[in-house]
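One chain, subunit A, appears in both complexes that follow, with subunit B as partner in the first and subunit C in the second.
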Partner chain A sequence: MNASLMTLELCVLALGVVLLLADFWMPAERKKYLAYAAIAALAGLLLISFSGQGVCSLGGSAFHGAFANDALAVFFKRFFLLAAILVLFIAAEFSGRIAAGISEFYSLIVFALAGMLFAASANDFAMLFVSIELITITFYVLVSFQRGKLQSLEAGVKYLILGALSSAFMVFGIALIWGTTGELNFTKLAAVAPQFVGSQIFLLGVLLVLVGLGFKIAAFPFQIWAPDVYQGAPTPTTAFLAIGSKAAGFVLLLRVLFTAVPSVMHTPAFTNLLIIISGITILYGNLCALPQRNLKRLLGYSSIAHAGYLLLGVAALSANGQAAVLYYLAGYLFTVLAAFAVIAIVLQNVENEDISGLAGLNQRSPLLAATMTLAMVSLAGIPPLAGFFGKFLLLKAVLEQGATYHGYYCLAFTALVGVVISLYYYFNVVRALYWSKEPADLSPIELSSPAKFFIWVCIAGIFWLGIYPSTVLDPALAVAKSLGL
Partner chain B sequence: MHVGLEHYLTVSFLLFALGLLGVILRRNLIVMYMSLELMLNAANLALVSFSRFNNKLDGQVLVFFIITVAAAEVAVGLALIVALYRKRQSAHVEDLTSMKL
Partner chain C sequence: MSILTYIAGWPLLAALALIVVPRDRQKTIRATAVVATLISAVLAVKMFAQFVPGVDGYQFEQQIPWVASLGISYHVGVDGINVGLILMGAIVAFAAALCSFEIKSREKEFYILLLVMTGGILGAFASLDLFFFYFLHELALVPTFIMIGVWGRGENKNFATFQITLYLSVGALIALIGLIALYLQVPADVRTFDIPRLTKYFAEHTMASGAQNFIFPLLLFGFGILVSLWPFHSWAPLGYGVAPAPTAMLHAGVLKKFGLYGLIRIALPLLPQAAQSWAHVIAWLCVGNILYVGWVAMRQKDLNLLIGNSSVAHMGFIFLGIASLNLIGITGAVLIMIAHGFLAALTFALSGYIYQQTGTLQISELGGLCRKLPFIGTALIMAAMAGCGLPGFANFVGEATVFFGAWGKFPVVTILALWGALVIGGVYMTRAIRNVLHGPLPEKWNVLTAVTHFWRKLPYAILLVCLLVFGFVPKLLTEKINPDAEKIVSQATAEKLVAPTEISGARP
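Showing the complex of A and B:
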């Protein structure tokens, strides 16, 4: 047993506690700057983990194999650290609208990050359950943090009921899997699972666990919560839900599918199930996004569609497919956080965050207008940005499998239809930026220097991933190969 | 009559189904939340009985984790429902309508 593998997680937890304690001594008007202290600390941890040496990038497993620090875990830990750093920038910009307890808000973001880091390393059903609940329960509070706002509370209650329902399903699934096989550890389960592929109770258990994970990634038919929660939650929380919580769902999905139950996954019925869920999720998200006027709700539906695109790669069940999933998540990180940052800054005083609130942004702040355009164009999948290359890789992975099973061709066609539909609503947003009639407010928007830095990081990320994809794709392929594909 | 594993599992499935029905059919948030706890406890019962009949302790340890997490969830959840009640003077799901298409 090697508990020093958890150094990174323990550091992040300690940071959360320090932020809570700092609240006692910090004068009220300076509390919003705690975010920058947290950003500095997390950036330090990220740099240490990239340096390739020291305790934060050790390989191996601890606690009888329940905690694994392999290639997949390390990739996602860096991803989550980066996501939390960028979300804290948005939170600092947003701090004026949080009536009380801004340092609790920051520390809850850090605690959710700790849950995601544990999830990245989870190699055991007990670990999976506890880490996913750490994320979800923290998000109940984060979603309803604007207590004075009815929408925020409603979003919190909806997330609470549906989240608790999905975790009840997941716990029951874990009980059935453990009852039939007698193993909680993923690696040991993989060894005994082939004898249980015929057992109905075991398959039901796997299915129920996948229900819980499907809720986290907002895949059809467990997506009902997403639009309301995205709309009602404070913008930094929405941003963290869109990227952190979804990526945590995907890392656990990859882990369960490829480490714990590879024998179940390769049955034709299961492949069909993945293909159908992926296709319906893409169509549902894109079609429902069409009539939306609220920008956050629109991005909520768009995030459902993106969960569908990501499932394309999972459904391909190949190394290329999983590498494409990791690459797509990296591109999605910069794109979606750039979009939410613009929403947090521009729509401060607009009731209901309607798209029309973006009118005249190209005159008010050309930089923000350009950022929003880039984000929408990348989400729609136009070359040469990150979103295009990600979709290209996902489709390529699916088409490669088409020779073995023709259902994959139908799936690729569905995804293309989804992309074409999505062009309409993404360009609707761009049109509001540049070609809207009679903008009501033309006062220029002053950007704080951290916000400018944040915007430039996101723009650089979107272009860098699109132009030099191999910098992320090569490590992603190595990770996918380490999953045994 | 000898009470075996299948009897415990039947009770557990019944409890789970009752909880699910409660969440779907009841309209009061507190009652829905109680039904959710019932579902979690159905899973706990299944884990403990598997543990007893397979002579392995992992399941009982997992139950402790589940009880702890459920307690945290209830603490946050009830606080949220109370906050909503103060704002809206109602704990019915039909009143959660401030966000529509």
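Showing the complex of A and C:
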């Protein structure tokens, strides 16, 4: 047993506790700045993880294989650290609108991060369930944090009910898997799973686990909660849901599918299931986003569509597909966080977060307008930004499998239809930025210097991934190779 | 660094530089755009002059690995097929930048988009890597939509923007699927996006005919939508009708040729069997372009819609040249691509000027304009004559060559196309001249002012001169196109050709 592998997670948990304690003796007006302390601490951990030694170093597993610190885990741990750092920036900008308990808000973000870090390493169904619950329960609180706002409370209740339901399904699935095979550990399960491919109960168990994960990533038909919760939750929470929670779902999905039950995945029925879910998710997200006027709701539907695109890479059942998923998530991180940051800053005083609230932004703050444009254009998948290369990789991975199974060609065409539909609503947002009629409010927006720093980091990330894809693609390919198939 | 990198790079650099120029410095912004495109054009002329015809392989090559794990590299180079296209593109871009006088609102954004479009499309033509080929075209395509949506004119603007975005995005994405599928036909260990290496690989290993017949239609219809192949052409006249003149010039003149270039460069040599079996389909579809769209053009009441339809009709001749799959046909197709680039840019520039002066392009409201606008009128008459294939203009050379090439294989189609070129084209072009330029001048147009300024005349003059130069000395192009067209034809037909006919003999 090698508990030192968990140093990173323990540090993050300790940070969360410290933030909670700081609440006692920090004067109320300075509590806002706790976010920057947390950012500094997390940035330190991120830097150490890149130094190649210490907390995030490669190798080994702990707790009888329940906790694995392999290449996939390390990739996602860095990803989650970066996501949390950027979300804390947004939270600091947003702090004015949180009536009480801002330091709790920060510490809950950090606790959710700890859950995601555990999820990245989960190699056992018990570990998977505990880490998912750690993430989901903190999010119940984070979503309903604006206690004075009815929408926020409504979103919290919806998330709670549907989240609890999906957890129940998942536990049931885990129980069925354990009942049939007697294994909870992914690696051991992989060895025995081929004997159970014919067992209906075992397959039902796998299916129910996928239901739970499908809820986390907001894939059809478990996507119902996403638009409402995205709209009602405080913007930093929405941002963290969109990137952190979704990525946690994907890392667990990759683990379960490719480490625990690869033998099941290669049965035609499951391949078809993945293809169909991916296709419908893409179409559903994009079609429902078309009429939306509320920006966060629009991004909620767009996040469903993006879950569908990401599922393309999973459905391809290949190393290239997995690498494409990792790359796409990295691009999505900068893009979607940039968009939410703009929403958090610009729509401070706009009650309903309507697209028209962005009118005249290019006169109020050209930098924010350019950021939002880049984010939308990248989400739409237009070169030379990160989103284009990501979609290219996903499509390539799917077409690669087309030769063996023609259903993949149908999937690729569905994805194309989705991309074309999405152009309409993304460009609608861009149009509101630059060319809307008679903007009501033309007061310039002052950006704080941390916010400026944050914006430039996101812009640099969007361009960097689009222009130098190798920096992420090569590690992603290495991870995918180590994951095996 | 290859000269090609500079040709495509200057406009992109200028676009980046313009981001930091304050928006009230309109003169600086304009000058930057004009100078950047001028440098590109001068470099392109220099490259064209230095190009040595008949040398094996590509010239001015440059290759920088980009994503090694996927076999993507920045690779540019020219041979006889794209050398003329790059020259044409750079000159048209310069003319378009000069014609952007008419843009009076949000100049900064307009010039940035124009420069991105220019750099993207020149880069796409120079690119010898499938990924960059597509990537740079997409980079050029998106500004088109924005420019039409924002600076477009007329009440149909929103519908036209919507339609052109939808059509061209679908076309580009279908072509992307085809290109990725093509890339995946190579075994995993030697996979590359490099066009010369792919060409070499498929010359040695013939692709399975099932795969060929799957990929070729994707490329044909994907690229076909981009080139307004009948029946996927309906976006074009309307889109050009509402587009601001510089955008229409660049798109109809240059960007649209991307799909045709893709067919000649990629689809024919890499998918020879499918190309042969699909040649009949292309030939009959092009009758739709030439005859059907020609008839539609005859009925137009708006000058821009007429020009847009005639530009779609001209695409038919290029498709006919490609379908003939022989040296003369392909050479002719490339010739028309270049000639039509100059011609489309010229006509849209002229109609843009008329619109800017009169505020309308309804043919019934115009008339006698030659009196007030002698320079513009004369240029428009010459452009119309070039459009109906008058000897002396570059279009005649190309069209005649295509007809010679296609006669042996598709006599019926050729006769129909001849009818379309000589009779239908003649009717709508001469009618437009009579109704717009000749006849009595309506009272209200007495206020029009003729172009006097040298810089305003320059773009029209340059484009006319190019049409005439290549019309009188087509050898400048044919001697470059011939050897490489022969290579493509020999790959596409996979049998040695009879001695090439002396095409430059088709000189008027």
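The working rule: the second predicted complex is superposed on the first by the 484 of 485 C-alpha atoms of A that agree within 3 Å, B and C clash if a C-alpha of one lies under 4 Å from a C-alpha of the other, contacts with A are read in each partner's own complex, and residues count from 1 in each chain.
Simple rule for what comes next: contacts are C-beta pairs under 8 Å (C-beta built on N, C-alpha and C of every residue); 3 or more make two chains touch, one makes a residue touch a chain.
Keep in mind that this is a model prediction, so the values were computed, not measured.
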Exercise. Touching A:Phe388 in the superposition: subunit B (first), subunit C (second), both, neither?
Worked result: second
For this session: Check whether A:Leu477 is in contact with subunit B, with subunit C, with both or with neither, and answer first, second, both or neither.
Result: second
For this session: Using the superposition on chain A described above, determine whether A:Arg431 touches subunit B (first), subunit C (second), both, or neither.
Result: second
For this session: Classify the contacts of A:Ala40 with the two partner chains as first (subunit B alone), second (subunit C alone), both, or neither.
Result: neither
Exercise. Which partner does A:Leu423 reach: the first (subunit B), the second (subunit C), both, or neither?
Worked result: second
Exercise. So which one touches more of the residues on subunit A, subunit B or subunit C?
Worked result: B
Problem set entry | Partner chain(s) touched by A:Ala164 [first = subunit B, second = subunit C, both, neither] | first
Exercise. A:Ala99 contacts which: subunit B (first), subunit C (second), both, neither?
Worked result: neither
Exercise. Just subunit B (first), just subunit C (second), both, or neither: which does A:Ala460 touch?
Worked result: neither
Exercise. Residues of subunit C touching subunit A in their complex?
Worked result: 66-70, 109, 131, 135-136, 138-139, 142, 145, 149-150, 162, 165-166, 169-170, 173-174, 176-177, 180-181, 183-184
Problem set entry | Residue numbers on subunit B that touch subunit A, as the complex places them | 9, 12, 16, 19, 23, 29, 32-33, 36, 39-40, 42-44, 46-47, 50, 54, 56, 58-59, 61-62, 65-66, 69, 72-73, 76-77, 80-81, 83-84, 87-88, 96, 98-99, 101
Exercise. What residues on subunit A touch subunit B, complex-wise?
Worked result: 125-126, 129-130, 133, 137, 140-141, 144, 147, 150-151, 153-158, 160-161, 164-165, 167-169, 171-172, 174-176, 178-179, 182, 184, 227-228, 231-232, 291-292, 297
For this session: Write out the stretch or stretches of subunit A touching subunit C in their complex.
Result: 377, 382-384, 388, 392, 395-396, 399-400, 402-403, 412-413, 416, 419-420, 423-424, 427, 431, 434-435, 469-470, 473-474, 477
